[in-house]
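One chain, subunit A, appears in both complexes that follow, with subunit B as partner in the first and subunit C in the second.
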Partner chain A sequence: MIPLNFEYYRPETLADTVDIFDKLDAEGKQPMYYGGGTEIISMGRMSNLTTGALIDLKEIADCKVLEYQQEQLVIGSSVTLTQIHETNLFPLLSQAGARIADHTIQNKITLGGNLCGTIIYKETVLPLLLSDSQVFIAGPGGQRTVPINSVFKERMQLGKGEFVAQIKVDKKYVSCPYVHVKQTKQDKITYPLVSICTMAVSGGIRAAFSGVCGFPFRSIAMEEELNDRSRSMEQRIDKAIDLTPGPILADLEGSMEYRKFIIKGLLNSIINQLEE
Partner chain B sequence: MTSIAIGKDIIRKEAWDKVTGRALYNADYASPGLMHGVLVTSTCAHGLIKSMDYSEAQQMPGVKAILTGDYHPMLTGPVIEDRPPLARDKVRYYGEPVALVIANSKAEAAAAASKIKIQYENLPTVDKPSAAMSKEAPLVHEHIDQYRHVIPEVYPQANSNIVHQVKIRKGDMNKGWQASEVTVEGEFFLPQADHIAMETRNTRAEILPSGDIIVHSSSQAPFGVRKLISQHFGVDLGKVVVNVPLVGGGYGGKAPIQMEFLAVMASQAVGGRPVLIANTREQDISASPSKLSLEAKVKLGASRDGILQAGEYTFIVGTGAYADSGPRMTGSMASNCTGPYKLDNVWCDAYCVYTNHTYATAYRGFGHTSFTFAVERAMDKLAAALNLDPVELRRKNLIKAGDTSPSQVILTPSRLGDVAQCLDKVEKLINWSEGSRVEIDNNRIRAKGVACLWKTSDSPTDAIAAAIVAFNSDGSINLNVGAVEIGPATKTTLAQILAEKMKMDVNRVHVEMEVNTRVSPHHWKTVASMSTYMVGRAVEEAAKDAINQIISLAAIAMKCSPEDLALGQEQVYLKDDPNIYIDLAHIAHGYKYPGGNTIGSQVIGRGTYVMPHLSSLDRENGKGKPGPYWTPGAQAVEVELNLADYTYKILRAATVLDAGKVINPKSAKGVVMGGMSMGLGLGSRESFIYDQEQELQNTSLRSYKVLRIGEQPEYLVDWVETPNANAPFGARGIGEHGIVAIHAALVNALSRAAQVELDQVPVIPELIWQKREEEKA
Partner chain C sequence: MFQLTGEGLIELNVNGETRKALVRPADTLLFALRERLGLTGAKPGCENGDCGACTVLVDGWPIKSCLMLAVEAVGREIQTVEGLNGAPIQKAFVDKFAFQCGYCTSGFIMNCQGLINIHPDASDEVMQEWLQSNICRCTSYQEITEAIKSVLITENT
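== the complex of A and B ==
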């Protein structure tokens, strides 16, 4: 039960959506965009949500796209994790998404919601960072398409009223060799202790992490160390781990030391697989 | 003689209603004008309530009343009255109810509840049970010596956190230690955890203009609720009516009385209107009572040949902020402290202490689930010290008829059952002989662990049960008992007992699923795995009473002596010529002669039962009889550990219980599997996690993890049947027992696999890693 009263809007075009946002914002309703709603429901029932209006993005045509357009795979932000998994057009993204929550929740969670929510893990961003995806953003200032590696810094850097409409992935990345591993404290279905997505491209191995710091990330500096074949495997990994863009997490999922132990083990096995 | 209903896989009577979603639970019922209460709970684990501002909440739409600790102040508790339903002046745990908002709708009540501002002045906290014992420990209760005792046998110590102490003194410890060539010692910790019943606790109450208090509750103890509502609200017992429909899991968590007090207070505050208070999952975990914590020390001594000579046990039981049934469980643990092993020299000190955590209550196993872990880990340590196989060490020491329990009950086959047979069977089930530690490859180890258990009822000495068997005019029966259907198909089991006694089809026995204290005959509580035994005995007696009435009437109708008649298949027939009979339907509501004259009337059988010869534990030596019989068993687990990251899989889990007689094999297997699943959860993932300030960190199922489908092992369940002479068809209770030693078996297996001593639960991969790292350093 959500004790909060709010208005509900379900626009069908990008332009209407932005207009409605502007109007509601001007009325002081602190509008929020609504994807799958899993966070809104769980925060709402705990009275941790303040909004007077929700704008549902799920009926906007652009946000429902899931197809190849020329050489790009276009994924609308309202596409659910289940749809991504079942169509399997981007296997690495399918796998990362299929380890978020459980199947019932995957039916609800949308790609845009996972990328832009408050949760610190956002595991679907990892494959997008590795594949240099483009993000199509709509907002009061118009529409823009920007590289995810420039707009995602710890979280999606969106202006007021902006929302992610689509993700575009170059076809060449979709079929690259990859490894995804998610290790948890104990249970299969839970937050990651460490989640790692890796991809072998012509320049070497790319790696992105969730559950390691307080935000998901891909680090070029870490990739350089990991790809430095002049060193021993242990040195490559140790050097890389020293370069995490923030302190390694210590929380209910596990201590910092144990996370390091797990990251080392996982990277060792992943690199061996990809360099075979 | 072949049985009609006993030993048969009868599908539970409410199965179709449940699987189609039509079965209703307490909070599913709506009544016109129903109001809703929402609790405001403490965000501070130990502190003085400095101020509470509910002025804004009071102005919110739909709000009818806001209650705080000053409204109808009272202290409650089943053993010692130490707990106010709403905290007064101070709070003692994170999650403690401090205010209650009543509004026209749940949303309005919740919205207003979020606007109440409370300021606390933090006090130093007590975390672990051992910390509570320290002389310098902050006092959770300042005036522990002034509380009213509900039962005489509780011994709180003034100016301390010790609310109860139990001593077991049996044999001669000096002699025992002298005979011990090998001794081992271990310290163990089992944290608090939650019941996680699928249905969260909830109660609806109203006060009629007549003064009758009508309570509808998700409870295991409707008669207990009635008694305490009557007592605390000053209303005649009979004017309180408690209704309990199907309950969605209890595990002991619905035996205590918490929501009921609040719901009646809430109704009182709104002129008697019906008010529903239903826990959210978060409140059910943090505000309502949980499973106790235990710090245990076990020291065992044995002669070189592996025979136990002495056992010394120290149990510090953390009951949280209020005693509830913690003192009783402390006694239950002490009086069974050895586990099912013969020990002539036993010394046990068990303390029940307050901490600043969610208070504890009964939890499946009534304390056995905790202390058995310590005992069974210690047995594995002893086996290692003696260089004996763990199964062999256990087999050498299993308790037998003629031995005595720690509380000096003389054991007979009927009272004890046959543990040795359970161990033999479980050893085969888990295929122990193929090796208890096998290296599969460089990283993977398969290992097995075993553990034994026993448990008795540890019930009050005056617990009673009753049954009413009323015949319909077609010869079928309505069975009415006071036991609640909390999930294990108790009512169907009772119908089977009745059908067998009446020698009729179980489908012709209709059982009332709901309990209404004004209609149903009394039953102590649906707890302690005792319903089949206690209510079953009452049902047997009611059947006997009904059969006497039926045969007497039939004898008149058939112009013969009652001795010449027998009953079966809803016919009363001549023993020497079954072709001469009268249908039960023609007797059940009186016999009508041709012409219309009628003799007799409705056949109504009644039966009652009280467990005989139970006695309280002696204060100095613990001597006493805690229950009518024990159900013993043996359990085993096989795991596969990955040494690369210390993750593991639970491959197989086996249980063999001496059930006395298995009345419904499939139901029984399901109940035992459920217990195993809970115990494996405690062993592998479940625990309350507190921060430095003793705030509970994992109050939702996102962070409090239970075993999910897909994570369960293959379950193997088998039985030994050594009848209990007093029980219906010899059947011993089995409701709790699947949980009791399974985590011990799991951790014995994991310790063997990882070659480190794991002496706490839950065992998560990080704990194994940590122990291995400590070992290396």
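== the complex of A and C ==
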């Protein structure tokens, strides 16, 4: 049971969505966009949710797209992780999404919801960071398409009333060699101890991480160290780990030292696979 | 634009019938099915998306009804265990003794039915991936696996 009362709206166009957000906001209802809703419902049940209105994005035509348009794969923000996995148009993204929660919940979680939620792991962002994806954002100020590497800084940096409508991935990236590894403490279905997505692009390795710091990230500085073949494998990995963009997590999933140990082992295996 | 701004009647397509339910926008589909429509086959367990006891099919896909608002289901086709009417997977659960206390059974059956509908030729790997969405505290996993495999095999031959 969710004790909180709120209103529910399900617009069908981007314009209607922005209009209803503005109206509800002006009425002081603190509207919130709603994707798959798994996180919002869980928060609501625990009374950790403050909103007077939910705006469901799942019937907006632009947010339901999943297809190639010219040389870009366009994925609407309301596309579920299951749809991404079943169509398998971007195998690395399919694989990363298929390790989030369990299969039934993947039928509900949307790409936009995973990217914009409050849970820190957001593992679907990793392949999108590696592939220099573009994010199509709609909001009261109009529409804009921006590189994900500029708009995702620890979390999606959206203005008031803005929402992610689509992700666009250049076709050249979807078939790049890749390795995805999600290491958990014990169970298969749980949050990651460490989740790593890597992609081989133009002779170099790109790497993005979740579960390492308090936010998912791709670090160019770390990639430069990982790709420095003048050093030994151990040196490359040690130097890269020294450059994480935040403190390495120490929590119930694992201590900082244990995480470092796991990351080293995984990166060693991954680099060997990609450089074969 | 569909909207529900307070407690009101919504129409749900459940097991092939149009049913009216009085709900708040914050009510879950699980609540509406059980408390408004009398369909108690979907069970409340964790109500946090972990156990799968509340699984129903929405447009053919297994969904944990504790993690779906009732208003979200307007315009979608919902199937609960009551709508299966003696499907082969139900008989298989009996034949293979795939339950002990039975509390998780309807959720497991609906997940299995979704798999049978969508991937009737599912590999063992796919089957395991799907079944991991549900928990049986009596640990009847082996028998449940045998039940679903018997239906997948039956339908493939």
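Of note:
We take it that the second predicted complex is superposed on the first by the 275 of 276 C-alpha atoms of A that agree within 3 Å, B and C clash if a C-alpha of one lies under 4 Å from a C-alpha of the other, contacts with A are read in each partner's own complex, and residues count from 1 in each chain.
The working rule: contacts are C-beta pairs under 8 Å (C-beta built on N, C-alpha and C of every residue); 3 or more make two chains touch, one makes a residue touch a chain.
Since this is a predicted model, take the numbers as computed values, not measurements.
Once chain A of one complex is fitted onto chain A of the other, the partner contacts of A:255 are limited to subunit B, with no touch recorded for subunit C.
With both complexes placed on chain A, subunit A has more residues touched by C than by the other of subunit B and subunit C. Judged by the touch definition given at the top, the superposed model places A:69 against neither subunit B nor subunit C. Contacts of A:30 after superposition on the shared chain: neither subunit B nor subunit C is touched. By the touch criterion defined above, A:189 lies against subunit B and subunit C together after alignment on the C-alpha atoms of chain A. Judged by the touch definition given at the top, the superposed model places A:265 against subunit B, while subunit C stays out of reach.
After overlaying the two complexes on the shared chain, residue contacts for A:7 are found with subunit C alone; subunit B is out of touch. Of the two partner chains placed by the overlay, subunit B and subunit C both lie in contact with A:45. Once the two complexes are overlaid on chain A, the subunit A residues touched by subunit B in the first and by subunit C in the second are 1-4, 45, 188-189.
Across the complex, subunit A is touched by residues 1-6, 24-28, 31, 47-49, 52, 55, 61-64, 66-69, 71-72, 111, 129-130, 132-134 of subunit C. Partner subunit C is touched in their complex by these residues of subunit A: 1-12, 16, 20, 37-38, 41-42, 44-45, 54, 56, 58-59, 82, 98, 101-105, 107-108, 188-189. Those residues of subunit A that touch subunit B in the complex are listed here as 1-4, 45-47, 183, 185-191, 252, 254-255, 258, 261-262, 265, 269. Residues of subunit B touching subunit A in their complex: 106-108, 110-111, 114, 280, 282, 644-645, 647, 684-685, 689, 697-698, 702-703, 705, 708, 710-711, 762, 764-766, 769-770.
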